[in-house]
Structures are given as C-alpha cells and as structure tokens.
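There are two complexes below, and they share chain A, which is joined by chain B in the first and by chain C in the second.
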Partner chain A sequence: MRLLTHNYLQSNVKGTEEGYPLGIVPETVEIDKSPVDRELLLNILPKLNYDAVLQAVEQLRPHCETLPNLPSTLPEDLDDELVNDLYFVLFDVHVKNGCLVCPSTQRKFPIRDGIPNMILHEDEI
Partner chain B sequence: MTEFHRLPSKHDEQHSEQWEKLNTEAEIRAKKEPTAPMPDLDHLTSDDFQHVYEPASDTFLLIDAIQYELRSGLFRDRLEPVIALELGCGTAVPSVFLRRHWQDVKYFRPTLLSFATDVNPRALEVAQSTVKIADPHPHFFEFVRCDLASSLLNGLHRRVSILLFNPPYVSTPDEEVGGVDIEASWAGGKNGRRVIDRAISQIEHLLEKPYGMAYLVTVEDNNPFELAQRFQQLGLKMRPLLRRKAFNERLTIQKVEWI
Partner chain C sequence: MSRPELTGPAAHFYNEKEARKYDSSSRMVGVQREITERAIELLRLDHSQPAYVLDIGCGSGLSGQVLEEKGHFWLGCDVSRDMLLVAQERMHNQANDDDDDEGESDDESMDGESNKQQRKSTGDLMHHDMGTGLPFRPATFDACISISALQWLCYSNAAHQNPRRRLTRFFSSLYTVLKRGGRAVLQFYPETAEQAVLITECATRVGFAGGVVVDYPNSAKAKKHYLVLSFDRNSEQKRKAALKDGLSSAAEEPQSVLVTGASREGAKKAPIRKKKGVKTKEWVVHKKETQRKKGKAVRPDTKYTARRRPTKF
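Presenting the complex of A and B:
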C-alpha cells in the first residue's frame, strides 16, 4: 500500500463518525524507487489531504529512516527537492505489512503483502 | 451510435425499438472488432481457478471493448493523470489489458493510475502476480480488499475517469450473494441485479465530471433497459457498446457516461 492509496482510504465501521485519516501501524515498510513524474505529482497534489500525508509520514518514520522532513504547509511554488520528496513519499514507500486503524472506533484493518483488508463483518455494517 | 434524449418507461414501444436498434449496432461493432490479445496467464494454476474466476467470454468482450475505446482515442491528448478503478477485479485482466495498451504510437496519453478491489483475497493475490508479470508499468497499480468501492468512496469521489466492472450478473437465489470465494464472481441474486444495483450509486459518486466513464458487463436477465433508466435518473447515460452471444447468454458491454 502506497501512501497515495492511504490518502484515499476510509473506514466505514458502523458508528464511525469520522473514519479518516486512518492511522498506520507499520510492521514492514519497503522502498521501491521509481522515476519522478513531476507532472503527475503536481496534478495529484492539490487533490490530496496533505495533513493525512504528514500524519502517515510521522507514523512510518520509526520504520523507515529515509523519509524526508516535509513542511507543515505546502508553499505555493515547489522547488525540485520538495517535488522529489513528495513523489518519494506518495509513490515509492510501500507499507507491506501492518495495519490501519480507524480513528473513530480503533478498529484495525490488517495489511498483508501490501493489500489493506477493509472487509467488515456483518455486525459492523 | 443512435442517440435519443429521453429514455421513457419500458412500455413505450417506440423507445424499446430504439434500444433494440442500439443493441444491433453494438452487435455489429463487436463483429468488426478484432479479438483483443489476452495478457499471458501461464503463471496461474488450475488450483487458482478453483477460487478465482477464470477469464471467459465476458472478460474477452470487456477487453475487446477497451481495445475499441482506446483505438477510438479514449483520453488522447489529455494532460491530467487518469485514474482507473476496477470493481470486483478477479484476475484484473481488464485493468492489466488497459495498462498494456494505454500508451499508443498514435496518441499521447497521460499517466494512468490503476486501483482494483475485490472481496476475494485469493483473487487479489492472483491479480497482484499478474500485474508483476504482464504490466509493463507496474509502478502504479494498487489493490484494496473491500466490497465494491466502499472504502474509497470519499477519497475517489469524482476522480475516477475509467471504471471497469464485470459484476456477478448471473441470476441466482438471493442467499447465494455475499460470499468471498469464487461464487462472489458470478452469484448475482434476483435477476442478477443484487450487486449491480448496489454499484449504481457508487458509480455515480465516483465518476469524474464530465469525462468519466464506466464499462459494465450485463446479460439480458439483468434487464439492461431498466438499468439504463436507473442511471438516467442520476444524470448518466448507459448505452450498449459491444454485444455478443456466448452459449445461452447475450453479453453486452454497457458504456455509462455523463449526459
């Protein structure tokens, strides 16, 4: 699971007031470098929840030394370094194993082999 | 394609006739369409296909439809990235096909970000292995195990440009709906519409305006004419794109887009 995907995911457990952003409890984090696609990043960025990105990065940091420090708010003009850092965070960091946590109910959703399992039991729907 | 502005009640004979005409046109288009090349699935075993739907006539027609659309210039010259989402992906062959043929010597196309969901964990495992082998640009294909798009509804609200859905369309007793193994790939409950009907509002919620489109497999049991009316109430137009007879079914790829 990349952090871009994390940015789009929500919890729908019954009784959830705000199932977003999901907390991340990582077990295995892998880096898979890909060529920086500047256009892609600049297009995707305005549609992201940046606070959720920052939270995810802090939760992953103990498991991943190479995570960059990101500014608490995004400047209007992004220099190349920031573009590279954001691209790396969103596209190259993979949470392979661990779990996601609903911020409202604390329900845990396991991540195995990079795939989050968001399936709910019948009594949770 | 024949166009008309209003889809009235199904008792309106004139418009039923027009729907039949659209079906005939879709049959002709399917006949003319060269068979789309299947991604290689040699890495999958017969045991995999005990648990995961093996690509069949419906899958083949769906990839023919994707090929038809790509050749017709789908999203050519667009600059913003395109998000594609496949619901109930199974082997994810349609998404992999889309990715393999996305870049084209004839047209410029932007980066394609693919997402796929399924309730069946084995399907996602198989799909992931297929992506590794058959996707020339694996660096953006993400899988989520969930029911339809339920966990992505807010995140991908109005962001999906291409939605692919080969639903469980077979008419079965309602009790057979809701499994997470291979039966989830076909058991559609009454008129094969139980899962399709739940997807209608999600599709409306997810599709980007004004260019987003969905491609949906139906059979006659699903009462596609009535389904088109349901979409129309939400401001969406559903029309047969390709249509082919397979065994005892008349498979149709329905294209759904904003009116």
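Presenting the complex of A and C:
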C-alpha cells in the first residue's frame, strides 16, 4: 500500500464520526523507486491532505531511515527537491505488512502483502 | 451462458484456482481488454494528463494494465483476495520485465512516451466489498471504472444483504468519492432487464446523471452494458426545479408520494359526493327551472322544496 492510498482511505464503519486519518502501525516497509511523474503529482496535490502525509511519515520513520524531512506546511511554489521528496513519500514507499487504525474507534484494518483489508463485518455495515 | 453470480459470493467463487484460470485465459484477457478500452473511451479522460482512477472489482488487474498503458494511476479494490494476489504478482512481474528491458535508469525523471512505457506498475490494491460503501475521503478520484463487477451486487448471499440497499450504499459512496465533474463508467452483465433497471434506478436516485450504453445490442453473446455516470449540474438543477413543480419523472420517490397523496384525497371526496346524493336542493331547483322553461307545469319553489324527510318511509 502506497502512502497516497493511505491518504485517501478513511474508515467507514457504521457510527464512526471521524474516521480520518487512519493511523499506521507498520511492520515491514519497502522502498520501490520509480521515475518521478511531476504532472501526476501536481494533479493530485490539490486533493491531498498534507497533515495526514506528515502524520504517516512520522509513523513510518522508525521503520524506514531514508524518509525525507518534509516542511510542516506546503509552500505555494514547489521546488524540484520538494517535488521529488513528495513523490518519493507518496508513490515509492510501500507498507507491506502492519495495520491501519481508525482514530476514533481504534478499529484495526490489517495490511498483508501490501493489501489493506477494508472488509467490514456484518454488524459494521 | 453460465452465471457465476448464482453460485455464491464473489469472494468464494474467485478462489485461487479460479483466479489463475481467469488470468491465464487468453479469451478472458482479450475480452476484458476490449471492454476496458471502450470504458476508458466513454470516460473521456484527457490522456495527456495523468489521472487517478478508481477501479472497482479490479480482479487480477487486467483493466488496471490498460489504464497504465494510457498513463494513468489506479487504485483497484476487489472482494476476492486470491484475485488481488494474482494482480500483485502480475504487477511485480511487469516491474521486473521493465527492469530487464530498460536497465536501472529509473532514478531520473523522463518526459513523454518513454517515461510512460518504462515506468513500474502504477497500481495499488485494496481488499474491500463495494456493497458496504467505499472507504475514501470525499472528492478524491478523477474517475472510476468497473469491469464486469456491478452485477454481483444484484444477488443476495446472506440474510443481511439486500441488493437495493447495497447498490444504493455503493452509488452514494461513489457519488461522494468522485471529484466534482468526474465520470464513472461501470460495465456490467445484467441477468434480466429488471436488474439493469434496478441498477440505473439506484444510480439516479443518489443524484447521478447518465444512462446505459449498450454495445452490440443485437448479439446475445457480445452484448455489453455500460453504465455511464456523471455529475450533470444542469440536469440536477432541472430535476430539482421539476421536483418542486411535482412534474418530474426522474424524481420517482417524492413524486410518487405526491401522487398517492392526491389520489387518496380524491378517493375520499368521491364517496362524500355520492352520500350527499344527486338530488340536492340546487339540483332540484335547477331541474324545476329547466322544466319551467320547457313550458311544463311545475310546482312553485317553497321552503319545502327538496327538504329531507325526517324518516324514511
């Protein structure tokens, strides 16, 4: 699971008031470098929740040393370095195993082999 | 044609064996590719600009592969974990193939076509049942496709599964998850005409504009249904205006309530009129007047005219 996907995910368990952002409890994290696609990044940027990115980066840091330091707020003009760093964080960092935790109900969504399991139980629909 | 939908839930049908079979059947691959290309055509995406597309019921990632070729980024969700594992394997192999062909030149950004061809798989996967609503933040995806998956929602495999409720939940979550102005194209195989109607009805009820495109309508085998959904602000306003006037045919529920209300009132009025009887004082006076005009001998109007008798005799 990429961090971009994590940025979009929220818990939709019945009765959850604030299911965003999901916390990450990582077990294994992998880096898979891919060429930077500036256009794609700029396209998704307006829809990105930057605070959730920062939170995710902090939660992953103990498992991955190469994570860059991102500024606490996103500047208006992005220089190339920031574009590369953001792209790296969003697209090249893969959470392989671990789980996602809903911030309000503490419901856990396990991640196995890089696939988060968002299946709801019968009573959560 | 056999229908796997009738055998049980999708997660059970697409087990490891079936997922492998699905992925390795060249006929399946060909059909899926053709459908996906048509769906992308109906999406009317701008291919010069990479988009983030949601693929619902991605299966083994065949549709995602086509999206990748067009230069888009996709997130696939499916209810079958075995299918997702096959998809992951494919994405992994694909990345390795690319590495062999192109060498390790990934670190630098390249522009144009070469970049798109050699980049690694741009998909991400998620295990999820679409009938329970999509778990995403509002207005995130540029577009949504779904290939041969929607019909699964028309079947109930457990006591708590109600097709209409599942469809409505799915469509309303899709409506919130899509970017304003985004489009969704969902290809499905309806078993009966009622299923197609049920699906479109649920989609329009949550506020989507759009309809069903049928390809090859006169061939039973090649026939394909595509549900094309969009946010049509104009039509939405029109619908709301029409709803106020109570004239809309698109707004089924509120209107039908109005209609039943009106007819019930009418039904109440009719017996009252009957009970009053036709021979009211006005009627009798009117009749006497017409008789008089015809020159007939008529008793004069008094206070006794058309007065009710105290008892029946």
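The rule we apply is simple: the second predicted complex is superposed on the first by the 125 of 125 C-alpha atoms of A that agree within 3 Å, B and C clash if a C-alpha of one lies under 4 Å from a C-alpha of the other, contacts with A are read in each partner's own complex, and residues count from 1 in each chain.
Criterion: a residue touches a chain if its C-beta (ideal position, glycine included) is under 8 Å from a C-beta of that chain, and two chains touch if they have at least 3 such contacts.
Since this is a predicted model, take the numbers as computed values, not measurements.
Colleague: Touch test for A:117: chain B only (first), chain C only (second), both, or neither?
Modeller: Once the two structures are laid over each other on A, A:117 reaches both partners.
Colleague: Looking at chain A, does chain B or chain C touch a larger number of its residues?
Modeller: Larger number of chain A residues touched: C.
Colleague: For A:39, select first, second, both or neither according to whether it touches chain B, chain C, the two together, or no partner.
Modeller: A:39: touches chain B and chain C.
Colleague: A:10 in the overlay: touching chain B, chain C, both, or neither? Say first, second, both or neither.
Modeller: Touch status of A:10: both partners.
Colleague: Where on chain A do chain B and chain C both make contact?
Modeller: Touching chain B and chain C on chain A: residues 1-2, 4-5, 7-12, 20, 32, 34, 37, 39-40, 43-44, 47, 113-120.
Colleague: Under the touch definition given earlier, write down the residues of chain A that touch chain B in their complex.
Modeller: 1-2, 4-5, 7-12, 20, 32, 34, 37, 39-40, 43-44, 47, 91, 113-120
Colleague: Help me check something: in the complex, which residues belonging to chain C touch chain A?
Modeller: Touch residues, chain C against chain A: 49-52, 73, 75, 77, 79, 81, 84-85, 88, 95, 106-110, 115, 118-120, 122, 124-129, 132-137, 139-142, 158, 160, 169, 173, 179.
Colleague: Flag every residue of chain B that touches chain A in the complex, lowest number first.
Modeller: 79-81, 110-111, 113, 115, 119, 121, 124-125, 128, 139-140, 142-147, 150-156, 159, 180
Colleague: How about chain A: which of its residues touch chain C in the complex?
Modeller: Where chain A meets chain C, its residues are 1-2, 4-5, 7-12, 19-20, 32-40, 43-44, 47, 49, 113-120, 122, 124-125.
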